[in-house]
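Structures given as structure tokens follow.
Heads up, the next two complexes both have subunit A, just with different partners, subunit B and then subunit C.
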Partner chain A sequence: MRQMLNTLFVTTESAYLSLENENVVVSDGDKAVAKVPLRSIESILCFSYKGASPALLGKCCEFGVSVSFYSPRGRYLCSILGESNRNVLLRRKQFVLADDASACSSIAASFVIGKIYNSRWVLERATRDHALQVNVERLKRQSSILASALKEIKNCDNAESVRGIEGQAAKTYFYAFDDLILNNKDDFYFERRTRRPPQDRMNALLSFVYVLLSGDCKAALQGVGLDPYVGFLHADRPGRASLSLDLVEELRPALADRFAISLVNTKAISPNQFEVRENGGVYLNDAGRKVVLAAWQKRRNEQITHPFLREKIPWGMVPYVQALLLARYIRGDIDAYPPFFWK
Partner chain B sequence: MMMVVVAYDVNTEEPAGRRRLRLVAKACMKFGQRVQNSIFECLISTSDLLILRQQLLDIIDDSKDSLRFYNMGAKYSGKIEQYGVERHLPADSVMII
Partner chain C sequence: MNMLSEDDSLSVRSTVRPVEYPEDDWLALSGVQHYEFCKRQWALIHIEQLWTDNARTVAGDLEHKRAHDYSASEKRGDTLILRDLRVFSKMLGVVGDCDIVEFQASEDGVQLHGRKGKWLPYPVEYKYGTSKTNNADRLQLCGQAMCLEEMLSCHIDEGALFYQRTKRRERVEFSEELRAQVVNAFADMHELFQRGYTPTVKNQRGCSNCSLKDLCLPELMKAKTQSARAYIDSIVAGALEEDLR
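Let's turn to the complex of A and B:
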């Protein structure tokens, strides 16, 4: 199994990354702020606008360090990964499956089953852990609707109706989402999902966390040799990493939503760590992004037992393990893709 | 992955020694972070440790220099205490710059 190494986050807007003696050097102005050996990290997430030197990017590819660039506000720009994992046979197989309607719908159904199951668990967990604080009746009702959606999806034989059920389930889930927020209700509330731009703090937080999660998923898929742009649940569209969006779906409730909720409920993030911009969009500010990134990295290191492998792994490895299982399925080593069922 | 502390003492009385000192530091830089002038903390794999050790042994002069490796194992974080100025990013905590 692969080792999980540390991630280097660069949030200083004016930082420039360069290479020196197999180290990544982060410099701000003329001053070198940090030097980190490339061997000791597995990815670099760069939120500065100055970017990185080509020499560094080349070396990162050699060492298998993935580098992702984001705008200082957290919008994803691009990422770079080396040539070490270009398994053309696997990818050819993936394309063949993606063209096959019945294979597509069965894989898409797996992703959606994972998503609905995990969403349901998020709601159920809230009723169990905070029975006195939440609207148990509403949560239970939404949860039972999700349970019936799970049954419904088993009889689905085309991707179109799988997508329909997925959309419906997402609505059902988000309808009860506000109940999960237990603290700072005046500042953190959830009516509906808004994006581009997010209209309130909770949506801003969710959007930012989703960006982090999809970055992880994309790197994981690329790392096992799959093409993140050819998906099963999401249709192909130029420039859209459909397969990583597919993978994000099942991990969203357990990894991202619960993470965002716990940041709010433990008061790790405070209302003044957000800013409103001219277009009415709400975004995390510099301090807020730092809090989220630090907590994200900490969460990634927490251990869980993977339900399918029955092995102890850090949370941060989950996207990688799922990508690996997907590759195994596509290659024909296992009969079906086992989605991640969080418990 | 394990934590290995590399400490060295290179005799710099003559130019050749100063050259060795630079080369030792440079080799260590590739594998770990400099925590004090001649002390590096390297979070590395067993195979990388072999590479590092060989590189350093090729550089130093047995009759004049000294080289020590302290292997702290995988669970090292409780074994290190830090006071005063810190000049590196701790390898086991969140790296945000």
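Let's turn to the complex of A and C:
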């Protein structure tokens, strides 16, 4: 499988990125603080407000290095990726399928089957690994409701009911989510999902991790030539990267939720690495973001065996491989889109 | 040297195809070597517009740089050496670049724009590594010769492949068999291109060296023994069974 190279995270708010020969130079004020060869990285995630030089961006496109910009607080702004979207037949087929109700429901079902299956395993893993600490009965009950949702989806023939089951399953899953938090319960707790803004630390952490995962998914889809804005599970809405959201769904439990939970349970992240704003919104602070990004990069390098391809790949390649499998399904090489089943 | 195997068709197929392809429909001449290596690889590159480099392709490019420098064209005695010469054929519907075309001063030759005397063209293509067992390089060279013939109204008997590893020239005779293969290959490529069809995966030995391996996913073929649909069904069924226990 393709080699995964490093990601360069730039978290200093006032950093500016520029090009020197084939290196990216990170400077803060007049001082160059880092110099990294472009050939050694595959993406740059930039959380500074100063941005990057056009010359660097041009070179990145040439080298196939994707550059994503976020606000210093972690809001996604944009990505730049070279001319990879030349596969016009793939995109045309994607659009045709997105207009075809039965194709939509079949692909949407795959995403949701993946999501429910993986959600269920997150709960099951907790009962297995922490039987003495968690409410096993509640987790088992929620897990079995999720199992019946899987059954239900098999008899589903339209995307609307797939979405309905997905909504119910998400509620079922999050109902037991607080049980997964084992440490610092006074500061880390979960009642329900809040996003705009996140109203507690756990939600703040989840939101930030989802942003990272979404960025990976979007770059992966673009990288294989799919249009991230035309989805199957999520309907078109101007400005919404629906296909990215589709792909995020199945990867959320295994790649994001478990990651966030383990940061809390291992005490890698601490309550004082968050800040509360006037509007009641809770966000990671500078130190917190650094912890999460470093751990994220480490997690991305961990090896797993892809369940469908049966090939060893780093975690970080999962969105890319799934995007590739989706493209291969859309081009007619396989008879269904196989979601990523985590175990 | 003739490397044709017995089952290669020796005649030009009689399917209806245009006498001349319009410029917009011309394909890359160099694509024939991809096509000969693997039809799917050709389709991924030329139809699906996918490309990734690996060590081999980068090394090939580096070795190739000088060959593609028109300004390095020169005249040595009776030989005119043109580098990076763009050639095309309306009949084949292809366009490409010859690394080198050597023109020998000869009474039997053709006139060239801006040059005195008459010249006989001799195409030479630079290739990475050593001579290959498949016919890909010979087909590409023959295609170049057929372009030159059409452009210059002449006949070219042979050309050469220069392998960078061995630094040896391998003479290639443009036989009727080889020409027929070129014609057929391009006719098939035009047909696939028209349909926008990417042939399915056929696992072969060359797969491990292919720079597109990760985009092509030859493993799909293995995975296909159980279909993706069956795979999903079995995983879901397994999940439900566990639940019963």
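In the analysis below, the second predicted complex is superposed on the first by the 341 of 343 C-alpha atoms of A that agree within 3 Å, B and C clash if a C-alpha of one lies under 4 Å from a C-alpha of the other, contacts with A are read in each partner's own complex, and residues count from 1 in each chain.
Note that contacts are C-beta pairs under 8 Å (C-beta built on N, C-alpha and C of every residue); 3 or more make two chains touch, one makes a residue touch a chain.
All figures in this text were calculated on a predicted structure; none of them were measured in a lab.
A.B. asks: So in the superposed three-chain picture, is A:Asp335 touching just subunit B, just subunit C, both, or none of them (first/second/both/neither)?
C.D. replies: Second partner only, subunit C.
A.B. asks: Of the two partner chains, subunit B (first) and subunit C (second), which one does A:Ala34 touch, if any: first, second, both, or neither?
C.D. replies: Touch status of A:Ala34: first partner only.
A.B. asks: Examine A:Leu90 and indicate which partner it touches, taking first as subunit B and second as subunit C; both and neither are also allowed.
C.D. replies: After superposition on chain A, A:Leu90 lies in contact with subunit C alone.
A.B. asks: After lining up the shared chain so the two structures overlap, which partner does A:Ile269 touch, if you call subunit B first and subunit C second: first, second, both or neither?
C.D. replies: A:Ile269: touches no partner chain.
A.B. asks: When the two structures are overlaid on chain A, which partner does A:Lys298 contact: first (subunit B), second (subunit C), both, or neither?
C.D. replies: A:Lys298 contacts subunit B only, not subunit C.
A.B. asks: Which of the two partners, first being subunit B and second being subunit C, lies in contact with A:Leu123: first, second, both, or neither?
C.D. replies: A:Leu123 contacts neither subunit B nor subunit C.
A.B. asks: State whether subunit B or subunit C is in contact with more residues of subunit A in the superposed arrangement.
C.D. replies: C
A.B. asks: Enumerate the residues of subunit A that count as touching subunit B in its complex and touching subunit C in the other.
C.D. replies: Looking at subunit A, the two contact sets are disjoint.
A.B. asks: Over in the complex, which subunit B residues touch subunit A? Could you list them?
C.D. replies: Result: residues 1, 26, 29-34, 42-45, 48, 88-89, 91-92, 94-97 of subunit B touch subunit A.
A.B. asks: Which residues of subunit A touch subunit B once you look at their complex with the stated criterion?
C.D. replies: So the residues of subunit A touching subunit B come out as 3, 5-12, 15, 21-23, 26, 33-37, 39-41, 290, 293-294, 297-298.
A.B. asks: In their shared complex, at which residues does subunit A touch subunit C?
C.D. replies: So the residues of subunit A touching subunit C come out as 1-2, 86-90, 110, 113, 117, 120, 143-144, 147, 150-151, 154, 224-225, 307-311, 324-325, 328-329, 331-339, 341.
A.B. asks: Touching residues of subunit C toward subunit A in the complex: what are they?
C.D. replies: Spelled out, the residues of subunit C in touch with subunit A are 47-50, 52, 196, 198, 200-201, 214-215, 217, 219-220, 223-224, 227-229, 231-233, 235-236, 239-240, 242-243.
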